[in-house]
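Look for chain A in each of the two complexes below; its partner is chain B in the first and chain C in the second.
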Partner chain A sequence: MRNFLIFLAGAAALLALPHGLSFSQQEILVFLTINILLVSSYRLLTLTGEWSLGHVVIMGVGAYASALLSKKLGVYVPVSILLGGIISALLAVVLSFPLFRMKGFYFLIGSFAAGEIIRLLWKRFRDPFGGAKGIKGIDPMPDFSIGIYDFDFFEPVSYYYLSVVVVAACLWILWRIERSPVGLTFHAVHWQDKLAEASGVNLRAYRTLAFSIASGFAGISGGLLAHYIGTINPNSFDVEVMVFVLTWAIVGGTSTFYGPILGCIVLTVLNEIVLRELGFEQMRPLIYGAIMILSILFMPKGLESVVQKIFSRRAKP
Partner chain B sequence: MLDLLAQTGLNAVYAASYISLIAVGLVLIFGVMGVINFAHGELYMAGAYSVVLFYSDFELPFMIAVAAGLLFVGCLGLLMERTLFRPLKDNPLGGLVASIGFLMIMQALASMGFGVRMEHIPPVTQHVIEFSERVRLPMARLFVIIAAVVLLSALWIFLKKTRFGWALRAAAQDPEAAALQGISINQTARIAMFIGAGLAGIAGALTAPLVSVNPHMGHSVIVTAFIVIIVGGVGSLEGAVIASVVYAIVHTFVTTFFDGVIADITGLSLMLLVLIVKPTGLFGSADRA
Partner chain C sequence: MLSKIVKSGLTRRTFLQSTAAAAAASSLPRMALAQDKVIKIGFLAPLTGAVAAWGKPGLDGCEIWAERVNAAGGIKLSDGNYMVEFVGYDNEYDPAKARTGATKLIREDGVSFIMMLGGDTWPGVQPVADKTGMLFSTLLPSDLSPDTTTLIAPAEVHPIYNVTGVEWLAENKPELKTAVMCAQDDALGLPSVATYLAAFEAAGIEMLDEPLLFDPATTDFAPVVTKLIAGNPDIVCLDTCYSDYVHPIAEQLFQQGFKGQIISCTADFYDQMISKTSEEFMEGFVFQFPDFDDPALNADNINFSDPNGFYAEFNKRFPGQWGAVSWEYASIMDLWKAAAEKAGSAEPDAVITAMKDGQGKHAFGDADWWGEELFGINNALVGDWPVVAIEGGKATIKEFRNIPAWYEKHGDLLVKHMQAYDQMWNQRG
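Then we have the complex of A and B:
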């Protein structure tokens, strides 16, 4: 009963959230919701101990696939987003053959190279990827009505509701995967790889599985993004965006499910709302960089460690 | 056709010189500190901006501006060592993130101080060596080639023949054993950071009149440097130099005969191929990863 009430209160809060905000803040809220899915999917990959620098490009694969499917083949938009996710996951399986010959630092650089190659291919081939200018006029999500509320997807509020539902569903699946035996094996692959291998776990297969699931959800977040902004180009998925994802994960901490989400929310609010409203427009990258350095120096276990400390202190006395 | 080949070859030699200056610095820092310095491209940019400041704004002689760039960027390296890499010694991912943060700060400072637009730098010399009608080498490019040869030879002698060099290589191979022999790890780290950053700074300073100087110029440089150090083997200085030459030849020729994007794809594919076939690089050893 108590859990149900918390769930209800949370849902009401999410429903009410956009109405107190300005138009541009509502748009940021949509991006934030999509980015939460992106960073949570990234965490699933880091469970196996591998840090990729190609995750945002994989998100872009989903975005390009969904945009092209709906534009060229006329696939119904929600279906095309799902197909975009599946294509990203399949591409990850293909990429895993060269990439999982490497580990650690080499995987980091290898995934970066693979991502850049994909991005340069988008840039080079005007047909069908649109070259450096990318794809414009991507079909929006079709409007529909559920009786009490008319969804008009040019309005950020409507798109926010849609993405909250999609992202919440995806997060629930990610959560279930992590709690399942498969998810526990991911942990084992990271922390006890020799032992896991000795007890018959196929390390390579589990790494590939984590990589493709993470990529699939990244692809879905890419599809959500593409059909909202309506135009994508190779620079929307460059390494600078990847740096943001990496920072959210590291500042938030990756040992808990909520860590990266917390990092994403705190840093986005700080960056987009606080610094922009205060008029530090030009100094934003500077302050952002300083926050990155300070948090890694003084809070190496991330924001989640702070949260854990607060809660454990409250529980003790 | 022969003219075109000769000209492209000259361009490749020039590209190899400044790439190897940057890559050797990156390898040196990785070898001694064990961190990948993502902000290395921004050190290169800082070198270029010191030429903008001292040479085109204050109108000092070019050589003094280059020396100032070397000193300034070397000191930036010392600053990074003390404030970022030393406290984060046991946290390789932390060093990476901190250097990304440093990169963002440097870019922001450059665009606040100088604006985001491309800087115009008056040419140092208009002199061009003409081998034939269509094969020519501008003097400014020759400077870069000479500087790379001289500096890299000096570095080689320093590392192989002096006591400091011995200590530095020992610290790179096994920090703990080196410390037990009485080598100060912090001292060698400072020297490595100063040299590594200074090399990037001097490369930026010397090429400043030849490239477009802007706050984001470090990005393409760091990608190139990564490709080179992976192909050459992370931690191998000789490998970095040889890989710079190989990469410069491949990239220049593909750019001339196809186009720039295809050349970038070729370079990245080369790196991916090396990672797949021999992840430790062509000249690297497996002990440092």
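Then we have the complex of A and C:
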């Protein structure tokens, strides 16, 4: 009953949230919701101990696939987003063959190289990827009505509601995976790889599984992004964007499920709302960088450690 | 329910009126204090990041423009005089952030007009423009298409004006017979590549190799330059490279001993390039953007008001920051102001109608609304454009050349190369 009430309160808060925001903040909220799925899916990969520099490109694979399926083949947009996720996951399986011959730092560099190859392919093949200019005029999510509410997906509030439902469902699946025996094995692959291998765990298979699941959800986030802004290009998924994902994960912390989400929310609000509202429009990269350095110096375990401290103090008698 | 009410009443005009009213209401205390009516103009361009050099100096120029106009009584509309205020939003050259910025500027700040750099960011903004009917400007006419009825390119017809530099070179330095070209592989680089190819072909200058397209993430230009000059070309063309690329490429050309001619669309902060290379090396470097203290800009046909004074003021406030776009957004505002005063209104529909009524007063002389063949719509203001060369360490206008005149003679070549790079309006996206 208590959990149900918490769920209801959370749902009501998410429902009411955009109505307390300005128009531009509603737009930022849509992108924040999509980025929460991106960074959460990234964390699943990090559970196995591997950090990738190609995750944003994999997100782009989902975005390109979904955009092309809906634009060229007339696939219904929600189906194309799902197919975009599946294509990203399948591509990750293919990439895993060369990439998981490497570990640690070498995997990091290998994933960067793989991502750059994909981005170069988008640029090189103007048909169908649109070259450097990318794809524009991507079909928007079709509007519909549920009687009490008309969903007009040009409006950020409508798209936020759609995104929040999709992202919540995806986060629930990611959560369940982490809590399942498969998720525990991911942890074992990271922390006790020799022991796990001795126990009969196929390390490479589990790394591939984590990589493909994480990529699938990243692909869905890419599809959500593409059908909202209506345009994508190779620069939308470059290493600069990947650095943002890394900083969300590092500043938030990756030992808990909510750590990267916290990092994403705090840094996005700081960069896109607080610093802009304070009039530091052009100094944002400088201030953002300084805050990041300070947070790493003084909170090496991430923002999640602050939350843990607060709750552990409350739990003490 | 709420969305039904919003939806049923949301026409372009009511939308703009209601947002303008809301924005006006939110700024009432300040307006009352200032005792002035204010028109807000949006400035939606990259103010940080690699492309900031084509946004930030433009906003700085606009602030000077606004001070001058406000000091002269503001903008005179049918219901009185209005002061001008610019509201900037840093889109970081990202389409998603550009969409957010357009939403903020229109729905929260109540701006009457939005100026953009364009390029990658325009497709993110286009749905907002379609929905609201807001008037936008771009510096990149390659954003234009028959669908972009509220988008104008009144300052520069990038990259078409680049033909004037090549044409001038061919006439004044006929000994130059061969060329090579490099460009970043992106939406800004490719149409410019097609334009330069057409210009070189029209001028009878042979391309020694295919254009060398490098990734925008490139930081080491030594191998790029080595490959570029391997065939010993007479001309190295730097296309429309960002200043972050033009500088290191010029440095590499200097270090690798290139002695030939360099031509580029821009040479922003060329004084820094001279200090990194030498005055002798940079002598004769041809590009397309003058310093506004050039005496040639004092001719009667120039429409930009007091260019020398504007340049002096800009350099006083932002020393060493003068660049290609410092004057361009301000010149767009000259056009917008004239059109708004002619229409007696700042309504986007009225302004664009007044603006396109006859010839336009482009900064470099009266010009025509043009572009249907290339862009599918006559929303680009095209006339004369200067060819600039560095002489004695200073940018000097060599000549003004007419773009439509070149196009009349060689338009088929431009269309051919634009088609080869999928840059015609009906090939994009």
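One rule holds for everything that comes next: the second predicted complex is superposed on the first by the 317 of 317 C-alpha atoms of A that agree within 3 Å, B and C clash if a C-alpha of one lies under 4 Å from a C-alpha of the other, contacts with A are read in each partner's own complex, and residues count from 1 in each chain.
Throughout what follows, a contact is a pair of C-beta atoms (placed from the backbone, for glycine too) under 8 Å apart; a residue touches a chain by one contact, two chains touch by 3 or more.
What you are looking at is a predicted structure, and each value in this text was computed from that prediction instead of being measured.
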{"item": "Simultaneous placement of chain C and chain B on chain A, clash or fit", "value": "clash"}
{"item": "Touched partner set for A:260, first chain B, second chain C, both or neither", "value": "neither"}
{"item": "Chain B versus chain C as contact partner of A:285, first or second or both or neither", "value": "both"}
{"item": "Touched partner set for A:120, first chain B, second chain C, both or neither", "value": "both"}
{"item": "Touched partner set for A:183, first chain B, second chain C, both or neither", "value": "neither"}
{"item": "First (chain B), second (chain C), both or neither touched by A:135", "value": "second"}
{"item": "Partner chain in contact with A:158 - chain B first, chain C second, else both or neither", "value": "second"}
{"item": "Which of chain B and chain C A:54 touches, first, second, both or neither", "value": "neither"}
{"item": "Partner chain in contact with A:247 - chain B first, chain C second, else both or neither", "value": "first"}
{"item": "Identified clashing stretch of chain C versus chain B [94-102, 256-264 or 400-408]", "value": "256-264"}
{"item": "Set of chain A residues, in rising order, touched by both chain B and chain C", "value": "116, 120, 123, 239, 282, 284-285"}
{"item": "In the complex, chain A residues that touch chain B", "value": "51, 98, 101-102, 104-106, 109-110, 112-114, 116-117, 120-121, 123-124, 239, 243, 246-247, 250, 282-286, 288-293, 296-297, 300"}
{"item": "Chain C-touching residues of chain A, taken from the complex the two chains share", "value": "22-24, 27-28, 31, 116, 120, 123, 126-127, 130-137, 140, 148-152, 154-156, 158, 225, 229-233, 235-236, 238-239, 272, 276, 281-282, 284-285"}
{"item": "Residue ranges of chain C touching chain A (in the complex, touch as defined)", "value": "1, 3-4, 7, 47-49, 56, 88-90, 93-96, 99-101, 103-104, 107-108, 120, 123-124, 126-127, 131, 185-187, 189-190, 215-217, 422, 428-429"}
{"item": "Partner chain A, residues of chain B touching it in the complex", "value": "36, 84, 87-88, 91-94, 97-98, 100-105, 107-109, 111-112, 219, 223, 226-227, 230, 234, 261-262, 264-265, 268-269, 271-272, 275-276, 279, 289"}
